[in-house]
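The chains carry the letters A, B, C, D, E and F, assigned in the order they are written, with residues numbered from 1 in each.
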Amino acid sequence: MKKIITFGEIMLRLGAPGYLRLTQCNRFDVSFAGSEANVAVSLANYGLPVKYVTRLPDNPISDRCVRELNSYNVDTESVIRGGKRIGILYLETGSNSRPSRVIYDREDSAFATICADSIDWKLIFRDAQWFHWTGITPALSENAAEVCRMAIKTANEMGLTVSCDINYRKNLWNYGKSAAEVMPDLVAGCDIIAGNEEDCEKVFGIKNDNSSFLSVCQQMMERFPKCRKMAVSNRESVNANHNLWSAVLYSDGTLKQSPKYDITDIVDRVGSGDSFMGALIFGLLSFDNDDQKSLDFAVAASALKHTIKGDYNQVSVEEVLNLMNGDSSGRIKR
Amino acid sequence: MKKIITFGEIMLRLGAPGYLRLTQCNRFDVSFAGSEANVAVSLANYGLPVKYVTRLPDNPISDRCVRELNSYNVDTESVIRGGKRIGILYLETGSNSRPSRVIYDREDSAFATICADSIDWKLIFRDAQWFHWTGITPALSENAAEVCRMAIKTANEMGLTVSCDINYRKNLWNYGKSAAEVMPDLVAGCDIIAGNEEDCEKVFGIKNDNSSFLSVCQQMMERFPKCRKMAVSNRESVNANHNLWSAVLYSDGTLKQSPKYDITDIVDRVGSGDSFMGALIFGLLSFDNDDQKSLDFAVAASALKHTIKGDYNQVSVEEVLNLMNGDSSGRIKR
Amino acid sequence: MKKIITFGEIMLRLGAPGYLRLTQCNRFDVSFAGSEANVAVSLANYGLPVKYVTRLPDNPISDRCVRELNSYNVDTESVIRGGKRIGILYLETGSNSRPSRVIYDREDSAFATICADSIDWKLIFRDAQWFHWTGITPALSENAAEVCRMAIKTANEMGLTVSCDINYRKNLWNYGKSAAEVMPDLVAGCDIIAGNEEDCEKVFGIKNDNSSFLSVCQQMMERFPKCRKMAVSNRESVNANHNLWSAVLYSDGTLKQSPKYDITDIVDRVGSGDSFMGALIFGLLSFDNDDQKSLDFAVAASALKHTIKGDYNQVSVEEVLNLMNGDSSGRIKR
Amino acid sequence: MKKIITFGEIMLRLGAPGYLRLTQCNRFDVSFAGSEANVAVSLANYGLPVKYVTRLPDNPISDRCVRELNSYNVDTESVIRGGKRIGILYLETGSNSRPSRVIYDREDSAFATICADSIDWKLIFRDAQWFHWTGITPALSENAAEVCRMAIKTANEMGLTVSCDINYRKNLWNYGKSAAEVMPDLVAGCDIIAGNEEDCEKVFGIKNDNSSFLSVCQQMMERFPKCRKMAVSNRESVNANHNLWSAVLYSDGTLKQSPKYDITDIVDRVGSGDSFMGALIFGLLSFDNDDQKSLDFAVAASALKHTIKGDYNQVSVEEVLNLMNGDSSGRIKR
Amino acid sequence: MKKIITFGEIMLRLGAPGYLRLTQCNRFDVSFAGSEANVAVSLANYGLPVKYVTRLPDNPISDRCVRELNSYNVDTESVIRGGKRIGILYLETGSNSRPSRVIYDREDSAFATICADSIDWKLIFRDAQWFHWTGITPALSENAAEVCRMAIKTANEMGLTVSCDINYRKNLWNYGKSAAEVMPDLVAGCDIIAGNEEDCEKVFGIKNDNSSFLSVCQQMMERFPKCRKMAVSNRESVNANHNLWSAVLYSDGTLKQSPKYDITDIVDRVGSGDSFMGALIFGLLSFDNDDQKSLDFAVAASALKHTIKGDYNQVSVEEVLNLMNGDSSGRIKR
Amino acid sequence: MKKIITFGEIMLRLGAPGYLRLTQCNRFDVSFAGSEANVAVSLANYGLPVKYVTRLPDNPISDRCVRELNSYNVDTESVIRGGKRIGILYLETGSNSRPSRVIYDREDSAFATICADSIDWKLIFRDAQWFHWTGITPALSENAAEVCRMAIKTANEMGLTVSCDINYRKNLWNYGKSAAEVMPDLVAGCDIIAGNEEDCEKVFGIKNDNSSFLSVCQQMMERFPKCRKMAVSNRESVNANHNLWSAVLYSDGTLKQSPKYDITDIVDRVGSGDSFMGALIFGLLSFDNDDQKSLDFAVAASALKHTIKGDYNQVSVEEVLNLMNGDSSGRIKR
């Protein structure tokens, strides 16, 4: 099977243990996190061949990062080394009405200072079928946006499927251009788009004018004619430990609706959007064009992600199918 | 007071910390677990004299196991040493729709390879009044089943009360005989039987044909005339953190119904069935034939078990009575 | 701004980790706790100048305690050293229907054996505007009660606002006098009183004779004419992890009612009453006599306290205002 | 075999982890410690029947303490419950030239406030052959000294062997009498005495006037004619991690000298004197009057104790014999 | 570069933390260990392509094991899944005169019960240049010995270099044949042999009859004419924390002698022999037939291994060269 | 007493626990570190009034940093907030011949990007007597060097004593100027200089041309005539766990020599140079011009620092004096 390629920044994730505040704890749990790496791990976890492309400095922290990706069977051969530092994400896990808090320290990271022509996309895409990127990459720096643009262009030329998670994060767009200026050109090269209501409104000015997401999807499709499918995830946040989670997938002119999961006792919701994206790509590649099944798989997989510590989803296809098939009782498996 | 004797396998329980998956953690929490040992600890905890009989290899892991049982005042004098290894149970704690997972590595354990005549039941039962076993023991090996059979036979001859928890675990019956073949003869020697709906159906082919458990109990009593009381626990699993828990006790021709506890924020539900059994035996021995009180005590005790880490229930009689008497508010005791 | 002074005992808090019982754990989490210190930390946390007065022995455990208070910007200059030991509080955190448990080992502590004339209140109150004490102090020993009495008397003479949290703990009153004998004289010197229904009934014999707390407040005001405002917090305990939390504030002849917070997944509720008191004092000093706002701030702050480990509330004014303004969704802040 | 009885105070030992200072750590390692309990655990560990007598308050901390003693097969049946608190020992482990530090918080403990006639020594000594006490007990309070005196007197009357470890701790003698006043009468009832040079000088005014300990032993024997054997341990402290350790035993008119162990990389030296005492009693009871072998066993056992975390020595007879027989290479045993 | 293949059993390594005894700890540190896997990790770590062949059961513990090997860039594609259990190694780390202790629980493991013809060595060796095995494999079971024999035979036929570490472990040879019966045939197919004095004497009856190892090497070369080089490591054990470490390499008729390292403050010596073997193979493949340099590299690498926690050596070529070049000062690198 | 002011960068110190490599650990120990902050903590620890000036971003990590400084009684009132990030230092602790490793990630930190005129030194020095800086500050950026220059100039004008630790770190001088270009002007304003042999050679081209440091000191004094005293510390590194540590102090025309400490079993040597500096300043301010005593105090204090985890020295004056007075036995203090 041909490879799926994802590209983006991966950061050192330093988490306060349990529900401690960042100001309270005297140790940090160490892991790594990045939207596109998370997607790569999900895909590798389901057994697909996947290569992750990023730029990391040459130090032991990066070695540990690469080692972890290797452990999940993500191909790290094309990770380039250079730059001064790995970006950092400090995470404090909230509870009840105290929200979780993410503090980024990613400016001037090895990835943000990537050279525009340092990646040979033709070589990387040679044995690939799919390229996935997110709206975080072009937010980081002019150069990162340019490398992303070249990747999309090359992928289009070479006939890969291109998917994008819009992933709008207001606070990241600091280098002088706005998402509204940069994103449309990039999204225009995509076959599959994922986003949520806020993404569409903030980046493309497309509002959800009725209770379903149908209108949003239709407007997006009109605006980006290359796009064949659009997925919109929907989180209703009762409190920091309790969310409702569902999604829709618009394709072939219809809006498929997933079940809605009632997720209490959340273990870690960071990365759940990426686990949705990874599972959706897996479904689209594995379920014989059964878009409803792909959507349901993606929502079930990402519902399970809420029970997994760390950014990476670590559930098996069988576990996701069990939940899809209605077993949400949590009874002990012996 | 004369002793209660329990007999069965005890395993090293290696638990992934918190909600981590077994593939994620780099340490295991170490404890010990075994249905009959769990019952013994509950009984000792409530102040009754109890002896636990098992077979363990001669190594420091077993020493630690025996030491822990000693600490709870369980008499380990008759534990025999021999064989090659202690059985192991790997435990991963689930959350929400991700179930907890138990992986057994207990084949060829010291217990499973016990010699049929290595235990002098007459000696052990000399100062005893009660013998408790479970359906796990005869599932493990031909020899284990035979030692169990001899224990029941001797107990019957010497006039002990015999209790059994059917505890049907499909995956354990691997040595060539089925539960349906082996269990009836053993259960026929019992005065008190505990089980659940699935146990009765899978082992004895007795189905619950109405909404209560009355019919199941009546059929069991007919089939096993020595039996005087039958307890059936009932777990409704909302998700891995949230269960409803209740039980019935059939005796003297009537079905006593316990309150139903709504158990959220479960800490550890493994061993809760055993904590029910231990508390029931305690009640039957302590509450002057007040079967309703015994049942209510057993259900309250096992509801509290869901808040205790590890297989062993560690709550006092006073704490159980407080809950039975309606104080489920969880207000701080100062 | 002039200082707020709080006075009382601070203890070493030894907590069993997670939901382990005190009999299970092989390490204790170390922190410090004391009603009046908790109030001081809350106030310092919101940016007010606050001095905490207590007596501690001269050893490294006390050094650690003082160091921790310093870290929160609480002025410890007037902490006096002497006596033999620091009081200890063992804490076991309950879950569901198993209550949390606090075991005090505070008799003969440095604080309880304080000399009646060892504190120069005139000096301490020189640059102060407010004095806060609680009903725990006079419960501890004749001497502690006497020092408290002198503090209130001096504060009254020097024109400070005096606040009191009645904080009735039956088991602490062991030195031969009852709360009913000692407290009224002390409370008579207060401008602001906080308490709950049980406090008023047990200490002053004032019962809540209707569904609101209006009658209790009115009776208290009549009995203690110096008092201008009375706050009554109300906890409804669904179980150890789930409480409902609200309060009322009686002032200027009317009873202000706060919103009621539904607090699930409680992290640590010990100290929440103190966090209410600290936030209330902050509000009364900061919100231009807007008593409703002060009350709402206090209830929101203390609702957030339930998500913070340790006795000290560690939330910012901004975080409290966010919750007051309705954002209880717990959505991640990036 | 008849029992050995030990009697004294056991404390909660709260240790700063690793080499952290007490002011640095945010958790304490929890264990229990007491000279006479340490001796009891050593003896039980070598397989001898041993009963430990003390007084503990009625709370979960004491339950944990008793549970731990049970786990080592120490008979706790005669532990009496009462009093307000368990004594506490805070421990900070030093390194190199920074010494370890012990802070006691044991005044007014349940043991120190023991009633003079609360223990029925006749009953306890009924099936006993040996009574062991230390000079710590009479240092704690008038009452503790009196109970100790009665124990020795009864033991003498009933023909038990009585052993004593002088264990002089200057800072403990605070109740108005000095060791020099109290100890001689008690020591007069002893058959076996252990001590070190400082003990003999400070308590009995007996100085070591030559390079060996012969003169000290001879003077002690003259002064206490009931005494048959005297052991003197000798620690040369290079630094906190590196000690030299040896002992002599005077009996039958000769001074037996042990090998001297060079102990680097010390794990925990607290309790090593007690492990010497426990192993010496074991040797004297097991090695057919081979005093040299008993001494060598005691020194080897206590040398190994320096490698064991916690006050209790946890090494087998076989391990001690291996070291006695010259295997100090530390090569891995597979 | 063509691959190096190693083959053998890998076990779950459960280690007591710090210097705790297995009977003391309530958690185990989780890692994996196996002589041939250790060699594979060393080789991958130095940048060589390496494939590891073993058999593991199909469960999450094995998944974790494979994931860890992947992380080090060891090719696990040819790991076969089957059998019931992964072997286990319990490890207790000693200090000073208390030895470390290894307890094996590896009987009936997936590897020991491997089918004789389940591995297609021709396929695996297709792109390989070197095959490494150890004397542990034929000790485990008749089948394991047979698979090993086939591997050596195929490797010889296909012209691979074959290396062997004799690694004699008396307690493992339990299936009815002795090392002396089985090993010679296997060793006869080897080009490079590593062992120590005890190995040669116990397995081949070759004694070291003078102070150097020259005679042993010459006798081995005579007996096994295919062998071109023989390495003998030499550990002098001062105590569990302090070893002297050196080796010799016999080739081309001369005995090369390495420097001797004085290793104090050992962190973890388990796996150091394997780290020697891995570094030796690396040297022989990388240093242009400079056998002295290969030997020195191997000894320096394995000296460094004593400072690394876990069985796997994790030091870079640069770090080893630094030590070889004389920098053993341990000065901080900034 | 007038204040001592120190100025420099403080970093988040992320340490791999125990002896784990940075690539192995899954948590980091969190503390803070910076040469000048370390000096400030030492001084505050000995009871002197000290203010620390730095620049930190406005986030919870900085809050934690300031809180920790507060806890040690370091005045943080003049810490300015701004910039994007706090510098980071990753620390891996070596053992034996594996060196500890420090990885800096401090470029573009809030401190390095400080504005040249953002600090009002006149205000800060108003109630100060001493200003301390190190050669790290001018290495970080042009701006940092400029702020440092202004501080020295103002301190000179206002008559403060100025001390400097040359602290040459080659890898930090990256902004285009060399230490040799920048440092002399700054050092010219100093009264007290500390350094080591390498510092003097690399920064000032002054070589140690005989076995003592006399010549170096004399040359430095000639070159920098304002300087009255020069201290040179000397570390001989046996290995990562074992160092020899001593120093000399040149003043009044003579070279005072300290004792040399043999430091085995090092706990943490990072920050020991700063602990030397802090203790030296304390001595010079406290010991009535007894320079030998000041030197001896500084060396003893920094010898003890090697036993303390973290950058901050946490020993009392009494503990240092004990060691100075010859008690290096490490015997337990009870």
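General remarks:
Note that in this section contacts are C-beta pairs under 8 Å (C-beta built on N, C-alpha and C of every residue); 3 or more make two chains touch, one makes a residue touch a chain.
Just so you know, these numbers come straight off a predicted model, no measurement behind them.
Number of steps on the shortest path from subunit C to subunit F, with steps defined by chain touch: 1. To overlay subunit A on subunit E by their CA atoms, one rotates by 180 degrees, a value rounded to a multiple of 5.
Spacing of subunit A relative to subunit F, judged by their CA centroids, is 45 angstrom. Annotation: 42 Å between the Cα-based centres of subunit B and subunit D.
Among the residues of subunit E, those touching two or more other chains are numbered 21, 23, 26, 67, 101, 265. Pairwise, the chains that touch each other are A-B, A-C, A-E, A-F, B-C, B-D, B-E, C-D, C-F, D-E, D-F, E-F.
For subunit B in complex with subunit C, the residues that touch the partner chain are 261, 263-267, 303-304, 306-310, 314-315, 319, 323, 327-334.
Of all the residues in subunit C, the ones that touch subunit D in their complex are 14, 17, 21-23, 25-31, 59-61, 63-64, 67, 84-86, 88, 90, 92, 101, 103, 105, 107-108. Here subunit D touches subunit F in the complex through residues 18-21, 23-24, 94-102, 104, 169, 171, 237-242, 265, 269-270, going by the rule given at the top. Subunit D contributes residues 67-68, 70-73 to its touches with subunit B in the complex.
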